Amino acid sequence: MQRIGVFICHCGTNIAGTVDVKAVAEALGHEAGVVFSTEYQYMCSESGQQLMRKAIREHKLTGVVVCSCSPRMHEATFRKAASLEGINPYMVEIANIREHVSWIHKDMKEATEKAIILGRAAIAKVHLNQPLQAGESPVTKRALVIGGGIAGIQTALDIAEAGFEVDIVEKSPTIGGKMAQLDKTFPTLDCAACILTPKMVDAGQNEKIKIFAYSEVEAVKGYVGNFNVSIRRKARYVDETKCTGCGLCTEKCPQKKVPNEFNMGMNNRHAIYIPFAQAVPKVATIDADYCMMLKTGKCGICSKVCGAGAIDYKQQDEVIERQYGAIVAATGFNPIDAKAYNEYGYATCPDVVTSLELERLMNAAGPTNGTLLRPSDNEHPHTVVFVQCVGSRCTETDERGKPYCSKICCMYTAKHAMLIREKYPDTDVYVFYIDVRTPGKNFDEFYRRAVEQYGVHYIKGMVGKVTQNGKQLRVQASDLLAGEQLHIDADLVVLATAIEPDKTARSIATMLTASMDTNDFFTEAHPKLRPVESPTAGIFLSGVCQGPKDIPETVSQASACAAKVIGVLAKDKLTCNPCVAQSDEMLCNGCSSCEKVCPYGAISYSDKEFRGPNRTTLIRRVASVNPAVCQGCGACTVACPSGAMDLKGFSNKQIMAEVDAICQ
Amino acid sequence: MQEMMEKRALELLADGTVNRVLGWSVGEFPYDMTPAVFRSAEDLKDRFVYNDFCGANLSKYLIKESKGEGKILVFLKPCDTYSFNQLIAEHRIKRENVYVIGIECYGKADVEKLKAMGLSGITGIQMKNGEYVVETVYGNKTVKASDATAERCLSCKSKKHVVFDELIGEDGDVVEDCNRFDMVEKLEAMTPDERFAFWRGELSRCIRCNACRNVCPACSCEQCVFDNPNSGVAQKAAVNSFEENMFHIIRAFHVAGRCTDCGECSRVCPQHIPLHLLNRKFIKDMNEFYGEYQAGADPDARPPLGTYTKGDREPNEGGNK
Amino acid sequence: MPVTEYKPKIVAFCCNWCSYAGADGAGSARLSYPAEVKVIRVPCSCRVNPMFILRAFQRGADGVIIAGCHPGDCHYTSGNYFTRRRMTLLFSMLDYLGIERERTRVEWISAAEGAKFSKTMNEFCATVAALGENKRLEDLRCKK
Amino acid sequence: MEETLIPYAGIVTKITGQTPDVKTFRVEAPEGGKLFEHKPGQCAMLSVPGVSEAMISITSSPTNKEYMEFSVKKCGCLSGWLHGMDEGQMITVRGPYGRPFPVDDELAGKNLVFVAGGIGLAPLRSVINYVRDNRDKYGRVDIIYGSRSKDDLVYYDEIVSEWMNTPDFHVHLTIDREQEGWDGHVGFVPNYIEEVGLNPINTCALMCGPPIMIKFSLPNLLKVGFDKTQIYTTMELRMKCGIGKCGRCNIGNKYVCKDGPVFRFDQLDELPGEY
Amino acid sequence: MKKLSLAKLYDFFAAIAAKEALYLPVNNEVGKAEYKRWSEGVELSHQLNTLRSAKDFFFPQTENLMEFKMEGKKIDIIDTREACDDFVIFGVRACDAASFDILDRVYLVDPVDSYYKNRREHGTVITHACGKPAETCFCGTFGIDAADPKGDITVWDVEDGYVFRANTEKGEKLMAATADLFEDTDDKAVKAEQDKVREILAKMPLADLTTEGVGAGLTKEVFDRPEWASLSESCLGCGTCTFVCPTCQCYDIRDFDTGHGIQRFRCWDSCMYSDFTKMSAGQPRPTQLERFRQRFMHKLVYFPDNNDGVFGCVGCGRCLSRCPISMNIVKVMKTLAKGGNK
């Protein structure tokens, strides 16, 4: 029989405001096995913990129940405090009377009653708790970063800086990501390439960093400290080790009509190509969809001109397996497809462009070599209209758009408007907005500069329709402040399209068993306190894959993420979750039902000898669980008909005891 | 049939292929045959019997018997072979220690049906030409054999032997239109109140003798959760309606995807509760929701509860009326 | 005897990673739902044994709801897929036995869906309240 | 209407740790005094409702008028619970059950040899203290008691301070293996029987201990001249009702709870070997 | 002896039911007879016997013994026994009637089981002589006369009605209370009916079953018979035989936590169950052989040993028709009788 101590936390008035904590302490004090029951202002505070520790000592407690906030908040805190007094940490249970009681219910009587019942359930569970010992597993001292944008690069550099190996897997031929496509960055207006490419070079040259560009993660097995990842290295048809990046092949290639994705399809490239001059690795790639040699077997010019002999038309995809201790998702984002927005004429009017396309139109390395020319006739536009929130901040019923704010659009539009006005003062720039959101260092100043110094016309209101009107675009809009309808004849319309997680993120999340929200952004372990970790141990989040953010935020999150990764890799051994499945060999039938539902392959079978009746020996096939591999989901426990398979910490009897206490 | 089986058993015993034979031994009456292990030719000649009343599914005995010394010969009817195969799939039977002779079956007889016709004091049953001449102390009566066919055999799902080392008689086919879900459908078509009344009536008769469980080839646990004092759900008697429900629902759930629909549970129930209707409901649901699956048909097949698809139906969708 | 308003007892099994966090989210956002709902934390919805559900009914629950991650989002990859199959079959069986199917429910509630948690619990409580006391799976011994 | 299945509630007024896994529980009626009278060797069904019931021998002597005592080894469900509880806790007790040692009949006037191993001393202690309180009715008393180690000897303090100081009481203690701080005899009980020099004439032997000890002690008692009609032991089987009705604890036609637990070895010989 | 005309049977039922609960065999939803409480419109089953025996009336499958309220360290014991109302069972056959004597030998010997005694005292048993015995009947083996059953009142079917005979004070009281329904009669019709039935019984396949090889004083001989191994080999270890048996009386005592107290109840148990004698320390009957042997040793040797030679079986034949694998006491007795080396 346990000697249980019960501690009720006021959480200031968070709990005590709605729950009669004294009554709860009093009621739970009468429960069987409870030898001490009290309440306190803040249990999680140092003095609260001391109070608990003193009670453990004085009352020789064997189990502890804390009625407080969610176990997701402070379970670890209280477990640690209890273990300092020699109680096994798994003898501590939390009754969540804040999130599940005081914050939900207003009636004090009702809330108090519920708090008592939840306390009883926790007590009932503690009665059946067993001390659990965490096992240990070794750590592979290498990290994997999925995605080679600025987030991935920064994370990789920081991890490498700490002395650990890092692999970057990037699905396109070069690292660099979206930032490489940008022209200038807000609010400083420095050139994106100037600040990014040195980092790319650093990553490429760092001995600790291995870049698998033009590669994709295909399968992930294992668990924190011991991931085993299959990486598909897509065939480039160019030997990376031989190619010098001289670019001769790309000049000689006769197939010149391939839309250039780096320039958002606004100009063409060759079938063999290097995405941009500063690509890392600076290696050519043959686009198999367009290469005549690969398609028809006739051509082979690139091979002839390559002095290094790097061209290999017979190259095949290669799947390699690498081991990692931690994995970082840095899968980034894409602008949504604006084609769905018929009213803005994106699909039909060539002079309606997205913001990212505009970046390329203004970039010196872009299709127009940095001169702002409109796509339809390469004329200089005199009236430019920006439309904000295209696909952002939509209502739930809007299937085309996203419910969230894409966060970066207000600022980059201000940047675009300012740059246009600066370079082409004869151009009229209009920005249609719902709100202008400029929180951030020097952001509002930047925006005000656009309005006040550069004379950008900010109009609060939505654009209703954009139609082709001869050579011009007719923009119908409303001015909400003036309360009137506007018609603007524009030469160029720029849509600030929402950004969304990269399409590959979902399949990667599934492989990583990391959870995602409904918008396909990765879920963080805690929105405030653990923003760079996924709830899945050993999986970390870097950059926009977790939520919209700008470059400085991305970089700081990337570094934070690296710090967390380093925290894992710095350990020689990781303690495993002791709440794992366990098979009672005396009850096991060896039927393999459990094995079929185990997502980790943690269950194996062996023939074992047992004592039979009358001094006979029986050989039976029985299951056993590898505690380092088991993650403790409990799927097996329900598949097992005999009840041989049970889950430590969440045993059948414990859960039923909770059920009993709750339904009492 | 009996002669052929006995002859073959004697041969296999004589040539050392097997050292035991699992079959049926004679009873007190013409209809009460007991499963038995025969260890000698004399014993076989003395007690071995096979007739229309040998309905017991012998496969479950092989869990224990296949772990004994030497090989055992077993006679399995088509439906029994499914149970056997399922036990193979669950690693419960050592296949190499069993010699399976599949025996043809056109349905077994149920003496309860004869008794329900008012026949009592039965002293002999002569079987010929599809008829039973039932001799009783109250006089003789001729009954069409088909009128005495066991209920479960009237909706036989398969006359095919899914596993055997040799066959005596013909191998049949899976019966496509066996109508075995007719009663389930009838129940599904009822209102919830009617269904509740039906099942309450049936299950309230349960005396928790555990015959259904102990005879069931799928209920082969080392120790049943309901017998395990540490499981927290151990029960002994059918104390009240909840426990009757609990036992039968959980039992059906535990055998879901493993039950081959052999019908032994309903055959042995001393209270005549149609327990197979619970198992058949699960079978029918799984077939409808997750594609046709016959437990025991293929020991390598993935059972419906051991797999999933991303587009599976949602639990709240409902199925019955 | 004073007449008390009938309040159904609801047991909610919530997976640790999504739905329990969702319930916490409902709390943080002060999105109320009836106090009759009591949450039991399980690592994954697939930990919920049909025996727990029946046990709850035996002990006096009027409704049992299981909440887990959205299919595809399971922290353990596949747990909720198994939950979905198991509960589909179990609920269908309960219905087959004439036990009100509305007393049992499975919902997929992510960590971000505090609002959905609250809404679901409000709806479920209302549904169960409309059904009244659980009579068909009751154990008279457990009634006071 | 009387009903033997309905227990009394008693208060555990004192808990004494005998060995690392044996505790002795003193039970008194809520109003003080004993719950019921008993004879040496009889048992009672102890229970904590909701936990389980278990048949435990009453280790205190009937001559103790204030309370009853039960010594319980921690092994199962109920014993685990009892070991974890505090003084002042109520438990339920029903009994007394079974036939006692024939202290006033066959044993009266005899020399007595007690052979015990481990917790097996508990039922014999009732007799031993009964004999001490009726010292003139019995002759010489030899107590051969052994355990795994010194720490596993139950009632050690009582043995040393009381029993060893009782006239014509000869206590022979032994432990299985050498141990620091033990200068007494080392060896197994069955072998010790041969060594202590027992006189079987006009003597009865009362034996209780683990089955393996009984198994090897019996031939040795016979070897030193005892007859099976002089040797008594107590049996333990699974019991539920305690009154020979629930059908569990029979050996042949005898119910251990009603016809036992005390059996003479010649009686046991009549029974089938199913225990 | 008194006669009740065919037409007045239900008047008789009504007269009894007006005062106390009347139970009689009724065909249930699957056409099998079981005891049910009579009320207007309920029809008496004409089947030979009920699926379950009549022992439930005195020894129900489950019954609450007492309750405990636990609070802190305190335990309150609540005696939940209630005064039992008078009741009548009609239609008990000779075998089941004899089983009550066997149960009495267990439950009414010191210390008396008050739960059982209470019901026994308040129950009046009206037996119904068998008219059409079945092949599974062997009550004669144990000296029971199916044509002359015991009980407080015995009833025979005769051509144009029923003949009643009160055997006990209780029976007479009951008949006196309904005297106006009866007319006087002699025993001629009954004798004829008895002769007819006895003649049929003599022709039954089990008519010559004897207790040779079993009985009091044979413990050692029978216990060590090698045939137990093959007899028990196919036993499934279910409790069907024990639960349909009118004389099986083993029980278990269990506690149930209701959430607001502990209910201690008694329920039928079966010596055939593997956990029947299991202890944490060991298992005296480790295999089905020992458990199977126990059941039949108890009925055929131990019980006669302790009860002046009376066997613990009444030959009702229920286990013969209900055993899933058709192993039964008759097969056991015949095997033991064969080649028994006494």
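To keep things simple, chains are lettered A, B, C, D and E as they appear, and every chain counts its residues starting from 1.
The criterion applied here is as follows: contacts are C-beta pairs under 8 Å (C-beta built on N, C-alpha and C of every residue); 3 or more make two chains touch, one makes a residue touch a chain.
What you see is a predicted model; the values in this text were computed from it and never measured.
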item: Subunit E and subunit D - chains in contact with each; value: A
item: Centroid-based (C-alpha) most distant chain relative to subunit C; value: D
item: Far-end chain from subunit A, centres as C-alpha averages; value: E
item: Centre-most chain, if every chain is reduced to its averaged C-alpha atoms; value: C
item: Whole-Å separation of chain centres (CA-atom averages), subunit C against subunit D; value: 53
item: Gap in Å, rounded to a whole number, between the CA centres of subunit C and subunit A; value: 29
item: Intercentroid distance (Cα basis), subunit E paired with subunit A, Å; value: 72
item: Residues of subunit B whose C-beta touches two or more other chains; value: 225, 229, 233, 239, 305
item: Subunit D residues counted as touching two or more neighbouring chains; value: none
item: Interface hub residues of subunit C, defined as touching at least two other chains; value: 50-51, 55, 59-60, 72, 78, 82, 86, 141-142
item: Complete list of chain pairs which touch one another; value: A-B, A-C, A-D, A-E, B-C, B-E, C-E, D-E
item: Touching residues (chain side subunit A, partner subunit D) in the complex; value: 1-2
item: Footprint of subunit A on subunit E - complex, ascending; value: 70-72, 257, 259-260, 283, 286-287
item: Complex contact set, residues of subunit B against subunit C; value: 184, 187-188, 192-200, 225, 233, 239-240, 242-243, 245-246, 249-250, 252-253, 256, 278, 281-282, 285-286, 289-290, 304-305, 308-310, 312-320
item: Residues of subunit A defined as touching subunit B within the complex; value: 586-593, 596-597, 605, 618-621, 639, 641-644, 652-653, 656-657
item: Subunit D partner contacts - residues on subunit E that touch it in the complex; value: 65-66, 68, 70, 73-77, 79, 81, 106-107, 111-115, 118, 219-220, 223-224, 249-253, 255, 257, 262, 264, 266, 269, 271, 276-281, 284-285, 290, 294, 297-298, 301-303, 305-306
